[in-house]
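Here chain A shows up in two complexes: once beside chain B, once beside chain C.
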Partner chain A sequence: MATQLNSSTLNRRWRWFTNHLATVLAVASTILVVAPLIAIFIDLVVKGTSSLNLNFFTKIPAPVGEQGGGMANAIVGSAVLLGLASLLGIPIGIAAGIYLSEYGRGSKLSNVVRFTADVLNGVPSIVMGVAVYALVVVPAKGYSAFAGGVALGIMMIPTVARTTEEMLLMVPHSIREAALGLGVPNWRSMISITLKTAMPGVITGCMLAFARVAGETAPLIFTAFGNQFWSTALNQPVAALPLQIYVYALSPYDEWHRLAWAGSLVLIVLIVVSVALVRFVTTRGVLKGAS
Partner chain B sequence: MNLRIQEPRAPKSIDAAAPLGGLAPVAVPAPTSQIRTFLQNRGNSRLADSTFRWLMLLCALSIFAIVALIANELVMSSKLTLAKFGFKFFVGSAWDPVNENFGALPFVYGTIVSSLVALVLAVPLAVGVAVFLTEMCPKALRGFLSFVTELLAAIPSVVYGLWAIFVLVPLLRGYVDPILIKLLGWTGLFAPPDFGIGMFAAGVILAIMILPIISSLTREVMTAVPYTQREAVLALGATRWEMIRMGVLRNARIGIVGSIILGLGRALGETMAVAMVIGSSPTISKSLLAPAATMASVIANEFAEASDDTYRSALIEIGLALFLVTIVVNIFARLLVWAVTRGTPARAA
Partner chain C sequence: MGVGIEVNNLNAWYGTNHTLQDITLHIPANEATALIGPSGCGKSTFVRCLNRMHETNPIAKVTGEVKVGGQDIYSETSAVEVRRRIGMVFQRPNPFPTMSIYDNVASGLRLNGFRNRRVLDEVVERSLKNAALWDEVKDDLKKKSGASLSGGQQQRLCIARALAVDPEVLLMDEPASALDPVSTAKIEDLIFQLKVQYTIVIVTHNMQQAARVAERTGFFLNGKLIEFDSTHKIFTNPTDKRTEDYITGRFG
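Our next item is the complex of A and B:
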C-alpha cells in the first residue's frame, strides 16, 4: 500500500515534469528557429545599408580593383527576366487553374494534372536550368535572356495554377448561375464574373509565384548566364540580381562582397514587401467581401 | 410552343421589356424573333465556349507536356554517358573530367548525407515549433510567428548562401566545431582539419532552409486533428503534453512523416546555398567537417566550365537522377499528406 502510494506520487511528479519539459522544449525550439531569421535580417540591414547608395542603382559594375560601381544592369536584367517569365507563366497558369476548377472538377484528368503540377513544383530549380539549357540554349547556340525567362516562367506555372484553382473554388455557385441565367455565354461568365470575383486571390497567387522566382539563381546560371555590361537584348546573355550576388559572394574582393550584401538587401526588401502585401490581402477579407 | 414557329423574319429590336413567354399570343412575331436572335447568339457562343474550353484544357495539359519535355531533354542530352558508363556511373567514385572518367558516387553520398544532417537538425525543431504554435502559443503571438516562419521560406537560396559564407561559417569554425570535435571526435564524424566550409555547414544551412516547410505542413496536419480528440484525452485527466502526444501527434504522425519527406525533397534539390558553403570537392570522407559536393552543387559549380560533350553529358545525367529522385520523393510525400488532410477543408489561410 505504502509503495503504491509512493509510486503514484512519483508518477504524478514525473508527469508534471514531462509536461513542463515539453513546454520548455517547444518554446526553446521556437526561439532557436526565429533566431537565425532575425540574425539574417540584422546582418542584411547592417551590411547592406552601409554600401547602398545612389551608385548602386545607377552604375554598372566597376572593373576589379576600382571603387564604386553598382548593379543597375543586374536590376534591369532581373526586371527583363521576370517580365518574360510572367508573360509565359501567368496566362498559362491561370488558364490551367480555370480548367482545374471550372471544367475538370472531380474528373480523373484534373486530378492527374493537379498532381503533375505539384510534382513540377517540387522539381529542383537547378534541374529546370539544365533542362532549359538543353531545350533552348543548345539549339540557339548561346546563352540568352529568353532562355532565362523560359526557365523562370515554367517554374511559375504550377504555383499560379494551384492558387488560381483554390481561389476559383471559393467563388459561390450562385454567382455563376446568376450570370448564366442572364444568358451570358459560359466563357464570358468565367472571365468577367468568376475570375473577376476571385481576382484579389488570383493576383495574390501570381505575386507569390513572382516572389519565388525573383530570388532564383540556379536556373539562371546556364541560361541567362550573367553579363557585366548593359544589355536588354533577348538573344544576349543578361545580368540578374541573384546571379550577380552569387558571383560577387564567391569573389575574393571586399568591394564585391559589399555589393553582394547590398544586392541581397534590395532583393529581400522586394520579396518581403510582396509577401507582406499578399498576407495583407488574404487576411483582410478582401475575398470575403467579394464573395 | 413559340419555339416551333418557323417565322424567319427577325427585326433586330431588342426591347428588354418585351415578354418572352406566350403572354400575348397575338404579338407572336416579336417574341419569336427575340428568342431566335438569342438562340442564334447561343449558337455562336457554343463555338466560343468550346474554343475557350479547349484552350483551357490545352494550358492544363501543358503542365504534363512540360514534365515530359524535361524528362525527354534530360535523357537525350545525357545519352553519351548513359551509353558509356551505364549503371556503373552511380557506383564509381572517380570524378576525373580530364581523363573523361566519371563516377557520381561522391555526389550521391554528399546529397544523402547533407540532407540527413539537415533532417536530424530540423525535424525536432520543426515539430517543436508546430506544437508550440498550434497548442501553446497565445493568439497574439501566433500570427506574428507564423508570418516569421513564412518569411524564412521566402528568403532566396542565394541570400542564405551569402549569409552562410560570411556569418554562419565563421561562427561554426570559431565556436561550434571545436566543441563538436571535443565531444564527438571519438566517433570520427567530427575530425580535424576544420575549414568551416564543408558537409556540416551545408547541413546546417539546409536545416534552416527546410525548417519552415516542415513546420508549416506539420502545423497544417495537426490543425486537421479534430478537437474532440484533444477534449477526450484531456477529459481522462491527461496533462497538456500527454494530450499533445496521445491526442494530436499520434493522430497526425502519418502527415508529419509526409511533411518530413517533403522537406527531404527540398533538401535533396537545394542548390545555391549548398554550392556556396560545401567546398566542392568530389571526395567521400567520414568527417562531416571535410569539404564535399552534392549532386545539385556539382552541376551549379561545374556546368558552365564543362567544355567537352562527355563532361556535360555526365553533369546532365546527374541532373536526370536528381529529377527522378525528387519526383519519387515528392509523390510519396504528397500521397501521405493527402491521405491525412483529405477529409478536412483546405487550410484556412
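Our next item is the complex of A and C:
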C-alpha cells in the first residue's frame, strides 16, 4: 500500500515537472520568434522618428549637399507600383487558384501550373527584375513604372494562387452541394458561394503577397529604376520607397542615412496600416456566429 | 402542387461499382415516400439520381429514364433546371456559413438573378413559416448567421431554403439522422404539412420514422429495389422474405 502511494506521488511530481517544462519551452520559443520583430521595430522608431517631419511627406528629395527634402515622390511611387502589381497579380492569382482547386483537380495541366507556381515563388527577386527588364524594359526602350508593376505583380501571383487554392479546398463539399441542389449554375455557385466562403483566407493570401512585394528593392532596380523627381506617369521611371531607402542607406551622407531610417519606418507603418485597413473593411460585414 | 415521379430501368455507377441496378418505381404526387435499407444499399444514390446530383461526381454514371411530371429529366431538360424543380435537403444541415438567416433562405432566388426586395421578403417569411422556423428567428433574420442556429434549426433553415425556390418535389436524404429526438419530431411534423403542397421522397435509417411519415415505402438492398408498396403493407405483411428480415431486425 505504502509503495503504491509512493509511486503515485512520484508520478504526479513527474507530470507536474514535464508539464511546466513544456510550458516554459513554449513561452521561450514564442519570445524567440517575436523578439527580433520587436527589436527591429523599436530600432526603426528610435532612429527614424527624429527625421520624420511634414517635409518628409510633402517634399521630394533635396539635391546632394542641400539640407532637408523628403520622400513624397517615393511614397506616391510605391503606391502606384503596388496598385499596378495588385491589379495584375491578384486577379490572375485568384483565377489560377480557382482553376487549380475547382476545375483542374488531378489533371496534368493543373500539376504543371502548381509546380510552376511553386518554382516561381522560389525565384530570387533580382532574377524577376532581370527577366522583366528583358521582357518589358528592353522592348519599350526605357525604365517605367509599368515595368516595375509587372515585376511586382508577377511575384504576387504564386502566393495568391496557392493560398486561394488551399482556401477553396477547405470549403466543405456540403456547401457546394447545397448551392447546386438549389439549381444554381456551377459558375455562379463557384463565385457566390465557394469563393465567398473562402474569401477571408483568400484576402489573407493577397495581403501576404502585397506585404512581401511592398518591401522589394531588387526587382525595381531593373524596372522602375527610381526617380528623384515627381512622376506618376506609367511610362516613365518612378521612385519607390525601398529604392530610395537603398540609395540613401548606401550614400556617404549622414543626413541621407537619417532619411533612410525614416523611410524604413514609414514603409513598415504603411504596410501594416494598409493590411489592417483591408482586413477591417473586408470583415466589417461579418455576422455573429459565422465561422 | 407536387408532381409524380416515374422511374424506369434506372442504373447508376460510381466508377466500376454498380450501385443501382434496374430500379423501376412510381412515386405518386403529394405523398411522402420513404426509402429504407441498410447502409450502402443505394437509397441515397437513388434520390441523388432524381435531381441529377449524382452526376456532380466525376466518376459517376447513370442510365435509364426518370420522368418528373411527365418530363424526362435526363433528356428533355438541363441539370440546373431539374434542381430548381426538385429541392433537396441533405443529411447534415448545410446552411451557407457567410450568410444571414434571411440571405440563406433568399439564396436560391438571388443566385438565379431574382432581385425584387418586396417579393423576396414575402418568400423568406412564407418559407420560414412553412419550415416552422419563423417564430424562432423572425427577430434576427438579418443579424444572425445561419451557422449560429442549433442543429435542428439549421436543418429547418435548409428546408426553408429549399422551399423558397418553390419546387414541386422535395428530396430528403436522412434529414433527421444528425438531430436529437425533439428536432426530429419537428421535422416529421413538418413533413406532414408539406405533403399537401409537395411530393416528398425521404431516405431514412429509422424504420419507425418511415412508418410514421410515409404513405409508401421502398426497401433497397445491395443496389436493388426489393419491394415497394404501401407503408402499412411493408411493415405488417411484406411479400419478400428479405424485407421481413430487415424490418424485424434480423440483419442490417
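Just a few scattered comments:
Following the convention adopted for this analysis, the second predicted complex is superposed on the first by the 229 of 291 C-alpha atoms of A that agree within 3 Å, B and C clash if a C-alpha of one lies under 4 Å from a C-alpha of the other, contacts with A are read in each partner's own complex, and residues count from 1 in each chain.
As a convention for this text, contacts are C-beta pairs under 8 Å (C-beta built on N, C-alpha and C of every residue); 3 or more make two chains touch, one makes a residue touch a chain.
Remember, predicted model here, so these are calculated numbers, not experimental data.
In the superposition on chain A, contact of A:Leu82 is made with neither chain B nor chain C. Touched residues of chain A, counted separately for chain B and chain C, are more numerous for B.
Contacts of A:Leu52 after superposition: neither chain B nor chain C is touched. In the overlay built on the shared chain, the residue A:Ala214 is in contact with chain B alone; chain C does not reach it. Of the two partner chains placed by the overlay, neither chain B nor chain C lies in contact with A:Met155. In the superposition on chain A, A:Pro185 makes contact with both chain B and chain C.
In the superposition on chain A, no contact is made by A:Leu259 with either chain B or chain C.
Once the two complexes are laid over each other on the shared chain, residue contacts for A:Thr23 go to chain B alone; chain C is not touched.
Once the two complexes are overlaid on chain A, the chain A residues touched by chain B in the first and by chain C in the second are 183, 185, 188.
Partner chain B is touched in their complex by these residues of chain A: 15-16, 18-19, 21-23, 25-30, 32-34, 36-37, 39-40, 43-44, 47, 91-93, 95-96, 98-100, 102-104, 109-110, 112-113, 115-120, 122-128, 130-131, 133-135, 138, 154, 157-158, 161, 166, 183, 185-188, 190, 211-212, 214-218, 221-222, 225, 242, 245-246, 249-250, 257, 260-261, 264, 267-268, 271-272, 275, 279, 282-283. Residues of chain C touching chain A in their complex: 51, 53, 56, 80-85, 87-88, 90, 92, 94-100, 107-108, 111-112, 143-145, 147-148, 158, 161-162, 165. Contact residues of chain A toward chain C in the complex are 172, 174-175, 177-185, 188-189, 192-193, 196-197, 199, 286-291. Against chain A, in their complex, chain B makes its touches with residues 38, 41-42, 45, 48-49, 51-53, 55-64, 66-67, 69-70, 73-74, 76-77, 124-129, 131-133, 136, 145, 147-152, 154-163, 165-167, 208, 211, 215, 239-242, 244, 262, 265-266, 268-272, 276, 296, 299-300, 303-304, 315-316, 319, 322-323, 326-327, 329-331, 334, 346, 349.
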